[in-house]
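Two complexes are shown next, each including chain A; its partner changes from chain B in the first to chain C in the second.
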Partner chain A sequence: MSSTPVKKQKMTLEQFKLKSEWLVYFLPFFIGVLIFTLYPIVNVFLTSFKVDFNYITKEFSGWGLDNYKYVLSDPYFHQALKNTFGYVFVVIPISTCLAILIATLLNQKIKLSGLFQTAYFVPMVTSTIAVGFSWRFMFSHNYGIINYLLGFFNIAPINWLGDPANNFYALCIYGIWAILPFTIILLLSGLQNIDPMYYTAAKVDGAGPIRIFFRVTIPLLLPTIFMVIMVNTISCFKVFNELFPLFQGAGVANNLYTVVYYIYYQFRVLVPAQYGYATAAALILFIIIFIATMFQRFVEKKINN
Partner chain B sequence: MKKLFKNLSFGRVLIYLFLTVGAITMVFPFYWMITGAFKSGTEIISFPPVWFPTSFALTNFVEAFERAPFLSYFINSVVAMVGSVSICSFTTIVGAFAFSKLDFPFKNVLLALLLGLMMVPFEMIVITNFRTIIDLGLYDNILALIVPFTSSIFYMYILKGFFDSIPNSLYQAARVDGCSNWKYLWKVMVPIAKPSLVTIILLNAIASWNSFLWPSLAILNKVNKTLPFGLYSFVNEGGSRTELMMAASTIVVLPMIILFLFARKQIVNGVARGGLKG
Partner chain C sequence: MKVTIKNLTKRFSDMTAVNDFSAVIESGELIALLGPSGCGKSTMLNMISGILAPTEGKIFFDDEDVTDLSPEKRGVGLVFQNYALYPHMTVLENICFPLEIKKVPKEERIARAKEMAKLVHVDTMLDRKPGQMSGGQQQRVAIARALVKQPRILLLDEPLSNLDARLRIEMREEIRRIQQETGVTTIFVTHDQEEAMSISDHIVLMKDGFLQQYAKPQELYDEPANCFVADFLGNPPINKANGVIKNGKIVLEGDCEVELEAAKNIAEGREVTLSMRAEAIIVGEAEKACVGTVEEVYVMGKEVLAYVSLGTTKVRAYIDAEKTFDKGQTVNIGLKKRGVFVFDKETGERLA
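Right, the complex of A and B next:
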């Protein structure tokens, strides 16, 4: 009689071990996610609705939309939105067109393709800050190589970084250069997935290379092009690091606020830190990115059907 | 026929011309940085610019090292990179195994939740993580550069995709033979997934090495700075002698360029696949 309960207990212990074994694998991964991704999202969401939040005492006077009202009426946030959207609208079309062209050419049977690939892709692995300093040197008003080269076209030296009329374009040029490698890689891998049968068929029909490019390559590459545009749009909405090596912040006249710079400014530069405004701005950024992502999934589905 | 061939070779020349001009544009900032690091104070501000430095003496590097503790920046970068990448690789492996081969309650709900979380920008959660690090007493501590990066949904998801492609029959056969999950994971799955793992580790290491936003939030004192942040404060505080700025930038960039030259294929394939997943 006495042996039965013991045996039963043993069984449940083993069963328990078996049933809970997944925790050994799941928890090491999930604890980090919980503390440093899941909790912050909830926390940022809640903080953005706290009125007069004091981050030291954690006290606040009530719940409401005050932070959003402040941020949405702040001229600096308007400027940040204008610059960020402007950056997206300049960088995305130019970088995508250039990348399609370069990827198509790299996809031809060319000699030294390893060398070309190294040259085109290496900017992807290097620090935005360090390379940004090189660009700052190149953009120099008085002794920069870019103004020197423009001199051959009779263009007078441009004050790229020190003039608020030009510094947005300097930011965009650096941004396009920096995003190209990633864009070319994705498009090239899309090109390599196209069945060569389509090209053979087009050649048999007597189509020339330009006709093949517009009638075969581009349509078949369209899903990849679209995916690349969306991924890059999201990353361009978060433009931030580039501002530091080029302008040590938001530019000479404080004219280069971006949305992420605005967030950073509110909780890290301002004293006392304005967590309410920072979190509200962050949530607005998230909503913009969320809409962009949903739009991407929607169009992806349309294309796939 | 002859005409066609002629056109083709002309087109070929155009292709090479275009690709070469493009390639030069892409690597030019590196050329300008590295040659700038060897230029003298007068060479660097001369106009028209000097294309090649006259000497290759390391004086600018020596001066940069004297003015700021670049050696400790370098060591900090290595410590933060090795620490976060090794722990993150471990949690990625076990997490991917749990989601790929094990059964547990709410698995699909959790997976969907994690997928949704991937959409949240790092720039948003950083606000709270900054406070969390302060509350944990890790502010201005090198551990602050490791602890928040001990797991990654993105890499877990990529590795899970690879684990899913390993046939389940192999798993069942091993289980019938009395092989434990733990042993199966490390003796069978991990060796098979080695190429994927190498890619994940490389991408993670590059991201860690180049990160700027987080170190600039979590670190205050010189002794704990990593290379990009140390470089930035060096330029910001130490005046703007361009030749020193270029020498210091070269120190930051060179290890990653060397890594890229050795592991280009893995990195490029990883980016191509990761991008498609994201």
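Right, the complex of A and C next:
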């Protein structure tokens, strides 16, 4: 080693430019994340623990779990939980099964399959709200096409939107329709990734189409199916948009609260806005989705072994 | 089981993959379908298995016409190039699958699958998934799966092409052993002449959809039917020199006269190709067929390879390790009877 003492040199401008180059790439993105993602999340988290928080004056009387206590004992929140879970448990299985079926059919080499693929993709590029209004017409009690079609099976017209008892089903039907295209597209790409030699191998051994579907196609598609279920479950837990075109709110008799609608109600409909309750409900929803996702990962790992 | 193929033709929209192919494959033999890529050998295999329907012609298994039968009704066992083992099933489940389809009772199918696994030496890894096995092991499982339903014929599509060099030699001997133990008529597709030469009873050599020669490996090497067959087999590749017949001799390009007994029966003035295997050329002394010049000598372990020019053509010849030659030295060249052929230059037809 050289014996000359290390001189503390002043950094030249050139050196500074070189050393700080990474900041130029890093900061623009990071500042965006900081302001629009991290700050809101932390703020929601903190706000949910502030008692008697006033949004205008930013005053609060102290830290505590009062917001959670209120939300968890609110009958409307109970209704919201019931409706949200109900929605997830109805929409996910039905939409997944339908999507697998349709994707499998679309994957066959049939005439016009390109046209069908486009047709199924259309709902994805249209606005939920705009198409929702045409669904309003389709659900119409007296003039809707749905009741008209049901008439062929001798089913009396159902008051989908006007009768609170039917609101939930109308929401689910619409929700399934809205979620299908995205699901079909993902499953279709999963199906197209399956090497056709597996089908040939099974055919040479004499397997019929149904056996091939259940013993070869489905197991090989399973990773995509799990992914689709996970993504859709998360989005279904956040059901909210779908309520507006159909009901302009939480059903015709305030009977269709969902968790996100409850959050919206607390800080947007109520005066004064109850930010404390809204953020507490948001965190509860976050925990529910987190647990649901972890559970799915667990099941997926179990099945893979 | 004997396979008879009669005038089989397969045309795709713009090309003919197999052209008027006829052959009889004897029961219990191991047959190699050999040829360069695009020669129609895989199409041939797919037609025998029933995956592809022929455009014309017929296929018989023994005396039964199977031309219009689907693969499962023909009773063929097929091993795919990439094995096509189901990745979500264990080895045992994979081997059991064909029996499951045939609705064989569970106990019997497990017993038969285990027996097959033993035959191909994978009986210690029945619970593994294909992803946890090497290429060679997957190949064994694929063979077991094809054999477990006791097919009338076993078909293998490029069975060794996905394996590394050492494993390839091991597996080709394994295929031979398994075939002999089960006695099942087996056809395998390959583009590797060495592979085909080393294990098969007969070789079907194809080019551009046409059958070139169907013979025993040694016969194919010693008595090629045409120039292509002679070119395709052998390593190093056979030496070729173009020439014309004059006064019962072959005059190669560059005025090199070659005296050859066989050339005396060929019409005067005919343009020919003289093909000589490297081991059929004797450099120095011996009885003289022609005169050449030594260009280059390479010592490669036990063998010494010389490049000798005959007229303007350079040929490779094995030489005796004890003899030494200088560069540029003029030497007498002798030609052995075995391994020297004369073909028509244009058609490649064998003349002598």
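Keep in mind that, in the parts below, the second predicted complex is superposed on the first by the 283 of 305 C-alpha atoms of A that agree within 3 Å, B and C clash if a C-alpha of one lies under 4 Å from a C-alpha of the other, contacts with A are read in each partner's own complex, and residues count from 1 in each chain.
The rule we apply is simple: a contact is a pair of C-beta atoms (placed from the backbone, for glycine too) under 8 Å apart; a residue touches a chain by one contact, two chains touch by 3 or more.
Since the structure is predicted, the reported quantities are computational estimates derived from the model, not experimental observations.
Engineer: Could you look at A:Asp205 and tell me whether it touches chain B, chain C, both or neither (first, second, both, neither)?
Structural biologist: Only chain C; A:Asp205 stays clear of chain B.
Engineer: Who does A:Pro219 touch here: chain B (first), chain C (second), both, or neither?
Structural biologist: second
Engineer: Is it chain B or chain C that touches the larger share of residues in chain A?
Structural biologist: B
Engineer: Check the residue A:Ile94 against both partner chains and state whether it touches chain B (first), chain C (second), both, or neither.
Structural biologist: neither
Engineer: Of the two partner chains, chain B (first) and chain C (second), which one does A:Ile158 touch, if any: first, second, both, or neither?
Structural biologist: A:Ile158 sits against neither chain B nor chain C.
Engineer: Quick one: is A:Val231 in contact with chain B, with chain C, with both, or with neither? Answer first, second, both or neither.
Structural biologist: first
Engineer: Thinking of the overlay built on chain A, is A:Ile102 touched by chain B (first), by chain C (second), by both, or by neither?
Structural biologist: A:Ile102 contacts chain B only, not chain C.
Engineer: Do chain B and chain C land on any of the same chain A residues, and which?
Structural biologist: Chain A residues touching both partners: none found.
Engineer: Can you list the chain A residues touching chain C in their complex?
Structural biologist: 195, 197-198, 200-207, 211, 215-216, 219-220, 222
Engineer: Which residues of chain A touch chain B once you look at their complex with the stated criterion?
Structural biologist: 21-26, 28-33, 35-41, 43-44, 47, 55, 101-102, 105-106, 108, 110, 114-131, 133-138, 140, 142-145, 148, 177, 180-182, 185-186, 188-189, 209, 227-228, 231, 234, 238, 240-241, 244-245, 248, 260, 263-264, 267-268, 275, 278-279, 282-283, 285-286, 289-290, 293
Engineer: Across the complex, what residues on chain C touch chain A?
Structural biologist: 49-51, 71-73, 76, 78, 80, 82, 84, 86-89, 97-98, 101-102, 149
Engineer: Could you list, by residue number, the parts of chain B that touch chain A in their complex?
Structural biologist: Interface residues on chain B, with respect to chain A: 11, 15-16, 18-19, 22-30, 32-33, 36, 44-49, 90-92, 94-95, 97-99, 102-104, 114, 117, 119-121, 123-132, 147-151, 153, 156, 181-182, 185, 206, 209-210, 212-213, 217, 227-229, 231-232, 235-236, 242, 245-246, 248-250, 252-253, 256-257, 259-261, 264, 267-268, 271-273, 275-276, 278.
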